[in-house]
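Labels run A, B, C, D and E following the written order; every chain starts at residue 1.
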Amino acid sequence: MARKLVVKRGGKLGAPPGTLLHIGRHKPDSAAIRLITYGPEQLEESPVENLARFQRPERAGQISWLNVDGLADPAVVESLGSLYELHPLVMEDILNTDQRPKVEEYPGYLYIVLRMLRFDKDRQQIHSEQLSLVLGKDYVLSFQERPGDVFEGVRERLRAGRRIRFMRSDYLAYALLDAVVDHYFEMLEYIGEQVEELEDQVIDAPGPDTLARMHHYKREMLLLRKSIWPLRELLSRLARDENPLISEETRLYLRDVYDHVIHVMDSIDTIRELLVSMLDLYLSSVSKRTNEIMKVLTIFASLFMPLTFIVGVYGMNFDVMPELRWVWGYPAVMLLMLVLVVGLLVLFRRRRWI
Amino acid sequence: MARKLVVKRGGKLGAPPGTLLHIGRHKPDSAAIRLITYGPEQLEESPVENLARFQRPERAGQISWLNVDGLADPAVVESLGSLYELHPLVMEDILNTDQRPKVEEYPGYLYIVLRMLRFDKDRQQIHSEQLSLVLGKDYVLSFQERPGDVFEGVRERLRAGRRIRFMRSDYLAYALLDAVVDHYFEMLEYIGEQVEELEDQVIDAPGPDTLARMHHYKREMLLLRKSIWPLRELLSRLARDENPLISEETRLYLRDVYDHVIHVMDSIDTIRELLVSMLDLYLSSVSKRTNEIMKVLTIFASLFMPLTFIVGVYGMNFDVMPELRWVWGYPAVMLLMLVLVVGLLVLFRRRRWI
Amino acid sequence: MARKLVVKRGGKLGAPPGTLLHIGRHKPDSAAIRLITYGPEQLEESPVENLARFQRPERAGQISWLNVDGLADPAVVESLGSLYELHPLVMEDILNTDQRPKVEEYPGYLYIVLRMLRFDKDRQQIHSEQLSLVLGKDYVLSFQERPGDVFEGVRERLRAGRRIRFMRSDYLAYALLDAVVDHYFEMLEYIGEQVEELEDQVIDAPGPDTLARMHHYKREMLLLRKSIWPLRELLSRLARDENPLISEETRLYLRDVYDHVIHVMDSIDTIRELLVSMLDLYLSSVSKRTNEIMKVLTIFASLFMPLTFIVGVYGMNFDVMPELRWVWGYPAVMLLMLVLVVGLLVLFRRRRWI
Amino acid sequence: MARKLVVKRGGKLGAPPGTLLHIGRHKPDSAAIRLITYGPEQLEESPVENLARFQRPERAGQISWLNVDGLADPAVVESLGSLYELHPLVMEDILNTDQRPKVEEYPGYLYIVLRMLRFDKDRQQIHSEQLSLVLGKDYVLSFQERPGDVFEGVRERLRAGRRIRFMRSDYLAYALLDAVVDHYFEMLEYIGEQVEELEDQVIDAPGPDTLARMHHYKREMLLLRKSIWPLRELLSRLARDENPLISEETRLYLRDVYDHVIHVMDSIDTIRELLVSMLDLYLSSVSKRTNEIMKVLTIFASLFMPLTFIVGVYGMNFDVMPELRWVWGYPAVMLLMLVLVVGLLVLFRRRRWI
Amino acid sequence: MARKLVVKRGGKLGAPPGTLLHIGRHKPDSAAIRLITYGPEQLEESPVENLARFQRPERAGQISWLNVDGLADPAVVESLGSLYELHPLVMEDILNTDQRPKVEEYPGYLYIVLRMLRFDKDRQQIHSEQLSLVLGKDYVLSFQERPGDVFEGVRERLRAGRRIRFMRSDYLAYALLDAVVDHYFEMLEYIGEQVEELEDQVIDAPGPDTLARMHHYKREMLLLRKSIWPLRELLSRLARDENPLISEETRLYLRDVYDHVIHVMDSIDTIRELLVSMLDLYLSSVSKRTNEIMKVLTIFASLFMPLTFIVGVYGMNFDVMPELRWVWGYPAVMLLMLVLVVGLLVLFRRRRWI
């Protein structure tokens, strides 16, 4: 259980707001910055090696996408922040990678923060990474905690000169959001399959770890819900609020992503409720089985205790026990016991125990 | 358990929005398209064989209903989409058959997507099919995943020249929605009966599969609720929003369908809560029965353990055990045991155990 | 369990909206129609025998109340509907007696549908009947499924020339609603008493049917809640919406009925939560009793198993068992067993088992 | 359990609205009426003996507070009602002492009804009494069911010539509301202490009545919540709605009472959730103890059953049992049994049973 | 359990509103008052020894922060209150240290009350202290119950001449709120770790106090939630309402604190739901273990009871028992018992008991 329920912000305690410290868990050695500048007719793609000499690309009709992988070095965020005139609170939020998803309007740009989620199949755990987007008039800045993302499809489409090349920066931001949310489906689909497998297991043959696995998935759904829930409001605001940075056309597309997030939330809730119902099922079937075991025990005990008592009686050593002398004593006792057993079995049958 | 909790959208990952791929589970070989054109005075009904040569019917005062069965071939949706000038997102949603019910306004038409539900009585499972409706000024397009629907009644009324022939396309769309929702009632009625049968079973004689069946219906209600719940908002918006495509008169009828959906939701919730209460009942009665079995066991054990001990005492082989020599020893011990048994029975009676 | 959770609407499937079929459970042979016409100065009361020749009473300053008992014959509703110019959907809702309570505004009249509830003390079940009210400028139409209602008090007040005779039709409609809601209290009071009796039973001496009865009342509260809940919104709209048919003064009275319905809902929720708490109590006390039975069993077993073993040892038939030959062997073994028993009892006492 | 969950209103069934019947449980013989008239400079306090000759005190700048203890005689309310021109519904609500807390605006006065609660420490039950306040421009009428109230402090302040003497009638109404709500805290504090005591009991040593007491307090909290919850809305409306009877200054004070009621509700909810958690704790600890008892039983049984079997073998009377003849037979069997016992104990230890 | 669920307000019962009595639990001997006056260029820090001669610092462009530690002496609050013209209700709320967090607008100043929380690691309990802030145009008053707070960082920044020195009083108030909320994270992080440790314990090896600890943390989360929940609304109002005392810029910062509080609430809810799931897990695993113990018992009993009965049969002393005379009688019986045991073991294996 490497992940924390609540993340340490202690390191920042007492620091003034606006202090740029990276508060997060993934600490790659350095930041990799990649710039893609494109317009309807051309696309340039290049790494940014030396941030000090980096100039804000401002060619007319060109959109630039600056992607930062790795937040270990606050100086990177700081210099980009001053280049793009970001508010200190935005820079702080980019570095403090335990933000709740939200969108904030600032003069000239929008700041969007959300979570990229990945299901680690080996540990059966959700891994969460913070994605910050800054959407300006002709640029998108994206900040990730680690290399590796879900944006390869977007890059392919940019390179292939598809529709996205003819759109503004708001459409690029939409495409990135859409890629993140589409990935949620893939993750949920996998979890859904695992949970259904577990469900069959609960019904057919609960093993020793069934219970712990149910709890484990419940826990993951709890954390998942916490990560995705605020996205609903974020997208609803993006799709509905009038903001000059987002065109009418893009709003339609954002409404579509919004619908997807609602769909994701529905699926999370369905899985959660299914897990609750599965636990009830599990508990009930354990109770039922205890009940059945008790029945077996009680049947054995009620049959053999009286019999053992009877044979005990005729095992006593009293000098005067006339039955012991009778020739038919032994068969008579055996018959008596047979009658008793049959009688008890009839009684149990009537009570539907056997 | 063939159905998935969360449906694979993985195939589409990375694809740009607007890519037309059929993402669904039912793949009939080809699409069957059927056109009904009608006005107050006549009705024409014909299959559309060759989509390439198909022209949009536009005779004044005529309403046309184009029904597509089967979505395996994206080209069908694409050519119809360009004929009727549908937005790429609409075409994508028609093909991606795991949409959440919703209504979207586009210039000149409304896009409505909802679910046709069928209860497969053999598998005791709900089968769900996506229905897309496009409502234009003088046409309705309907897209289904498979042949076979609940619209035969609507067709009959059209052919019979009833009231519906005198109304506009919005009334046709209403009639289709009404047919879908009416079918929900039929389904819920059947499930309601099954659940009540199960309820009697829980009270009278829970069998080995009672528990799994309760869980099964709970699960179905969960999926049902997820499918129908968004329909509430959809119909509320259709009935209340001012949209030139929907007349005041039709709004009255849509309000009626809205009331039916609320009624369906109420019934779903009632069945769900009843299932919860049934599980409590089941659990309680299992506990109670365990309790009673324990009582029987305890009574047997408390009666026979002391007796077995006593006869064991007089089965010991000590040379010096004076009681064994007494003439009345055997009857005395038998009497002692009788007294003991009676005493214990009185005690149990006082504790209300027997 | 004669009632259905979800009522068959199947018979209507495929029928066009506006088709008048009676869909309900109570089918008296014919409808009894009764007209009361009144004003401040006089009151006429007469059965309507021949509906064909019936004219709409329209004397100035006179209010007419037409009450229909029995909905088996759709023709009755149809002819009244055309006489009073009712919308087809209203006529359909009157006949389809499984409506959710609602109020609908139509030009010139209000359509109100709600449920009259009766608790059948023999079957301990709630019986529900649909009441439809049509409130026009100078008339009230009421449609009931069966003869027998809760309006006798209203009729008495009308006949006695009380205040109600001086008021408009909206006040009559209020008086009818008030009578229905007042009857809910009577019913809830009875159920409340039954539940409290059951509560005492759960605490003092749960019998074999306690559990099933708790479930039964929970189920009834579920259905009751479903029937009454929508009435809240209905009355809130009547009391607050500006509608020329309802005077300011009557709004005050409707607000009062609204408060009563809120009160009824509060009571239903309180009873439901009490039932939940009672089930917890029941389950806990069953667990506790199982626990106590187990203690008794364990005490008996732990006392007598070692003793039976010891006497078994000295019942063995080995040739060489020196103890058997000792003169004090028998008393020594008895003493040993006594010490053992006392030791175990002390131990149990310490564990607070006895 | 003298209190009813739902109070009989049956006596009023069929009666027209406005019929004045006292529907309540406390029936003192007669009403005691007390008038306090005050202004900044003087205060007069006198009982009202003869209501027939009573005149409405109307001296300029004077506030009058008329308090009625006991509602057995409807004539008292009726004559005061006509004197102060109260609406018939108000008079009905004053007498029908099972009102839900509410505030209603009438021309010229406000009608406020709420509940005075008292915790009867002997019966450990909440006793509830209806308090009706009528706030006019220069008067406050208060109606209580029984003598004895929580207003002594307000009277003292009036007599002492404190600030309240300089304020209008709205401030007096506030002071009365404040006194009632302050009393809720006292009551809740006592219940909170009882519940915490019970909590210690659940953790340390649940006694035979622990369970019933938990249920009892849960039930009381249920009724308490039902009584106080509507007060929130009542005070919110008083503090926020523009009403000429309530000054800006008094609104500040009412906002304060509103905060107190929210605080009371928070405390009720906390106590309720604590009780739920306590029941879980209780159930879990009962389960755990059953588990431990079972362990003891199983250990005893698994140790002694094999031993008893072995000694039984050598108690058989076969002519040919060579072991019985061996000199070391007896010690060998004893050793065998010792080995068996040690082996089983080691096994139990490994399973962490002992 | 020293803390009370509901705090005694009894001492104030009957007192008029505005009576200044300290109602709280922490009673240090006297109040320590500290004044910090600062502007962009200088900062003065001094204790206020003699309140009688204290003057309100009013130099242009200077902000003053007056911090009061200890509320034992109402005179302190009273004299400061009259100096700063505070409303009597504000002074009362400052002294009555069981306020629900809230913000109130008064002419010229804002009154903010919230809770400083501290987790006492020794007692594993949350300690709660009331913090009152009065925000005026150029001053902030802060009232704490005890010495020791979380504001040292803010003081450091003030002394160091950082950005805060250039801002208005609203920014100082924000900085104090931010420090309090940041401290919540630290506390929750610690509790989160404890709960996760407990979770591992529940899964791996529940000890005797596991259950009580789960209940304990649930209780703490209950109280925590009650303390923090109202802060949401408080900050939402501060960040959104137009109030001349709070600048646009500061609103941005308050929105940030608001986001943090939402985050804190999310974490509390996650921990609570995790605790619920942990209890389910615990209960289920206890049930499962009971089940397994029962299996062991039943297996032992079903094996040995028949065997003991059989050897009992041949321990009987009948004169005529031919088997006893057979030479192969003893081996035959032993073989019979072996067959029986093997048969039962096969049966148990088939039932998957062993």
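Here is the rule we go by: a residue touches a chain if its C-beta (ideal position, glycine included) is under 8 Å from a C-beta of that chain, and two chains touch if they have at least 3 such contacts.
A quick map from chain label to UniProt name: A, B, C, D, E = Magnesium transport protein CorA.
Keep in mind the model is a prediction, meaning the values are calculated, not measured.
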item	value
Path length in the contact graph (subunit C to subunit E, fewest steps)	2
Least step count from subunit B to subunit D, where 1 means the two chains touch	2
Distance from the mean Cα position of subunit C to that of subunit B, given in whole angstrom	25
Cα-centroid distance, subunit B relative to subunit E, in whole angstrom	41
Two or more partner chains touched - positions in subunit A	283, 287, 290, 294, 297, 301, 305, 308, 312, 315-317, 321
Ring walk, subunit B to subunit C and onward	B, C, D, E, A
Subunit C contact footprint on subunit B (complex, rising order)	152-154, 156-157, 162-164, 175, 178-179, 182-183, 185-186, 188-189, 191-193, 195-196, 199-200, 203, 252-253, 255-256, 259, 262-263, 266-267, 269-271, 273-274, 277-278, 280-281, 283-285, 287-288, 290-291, 294-295, 297-298, 301-302, 305-306, 308-309, 312-313, 315-321, 352-353
Subunit D to subunit C touching residues, read off their complex	1, 4-10, 12-18, 87, 89, 93, 98-100, 102, 104, 205, 211-212, 215, 218-219, 222-223, 226, 230, 279, 282-283, 286-287, 289-290, 293-294, 296-297, 300-301, 303-305, 307-308, 311-312, 314-317, 321, 323-327, 329-330, 333
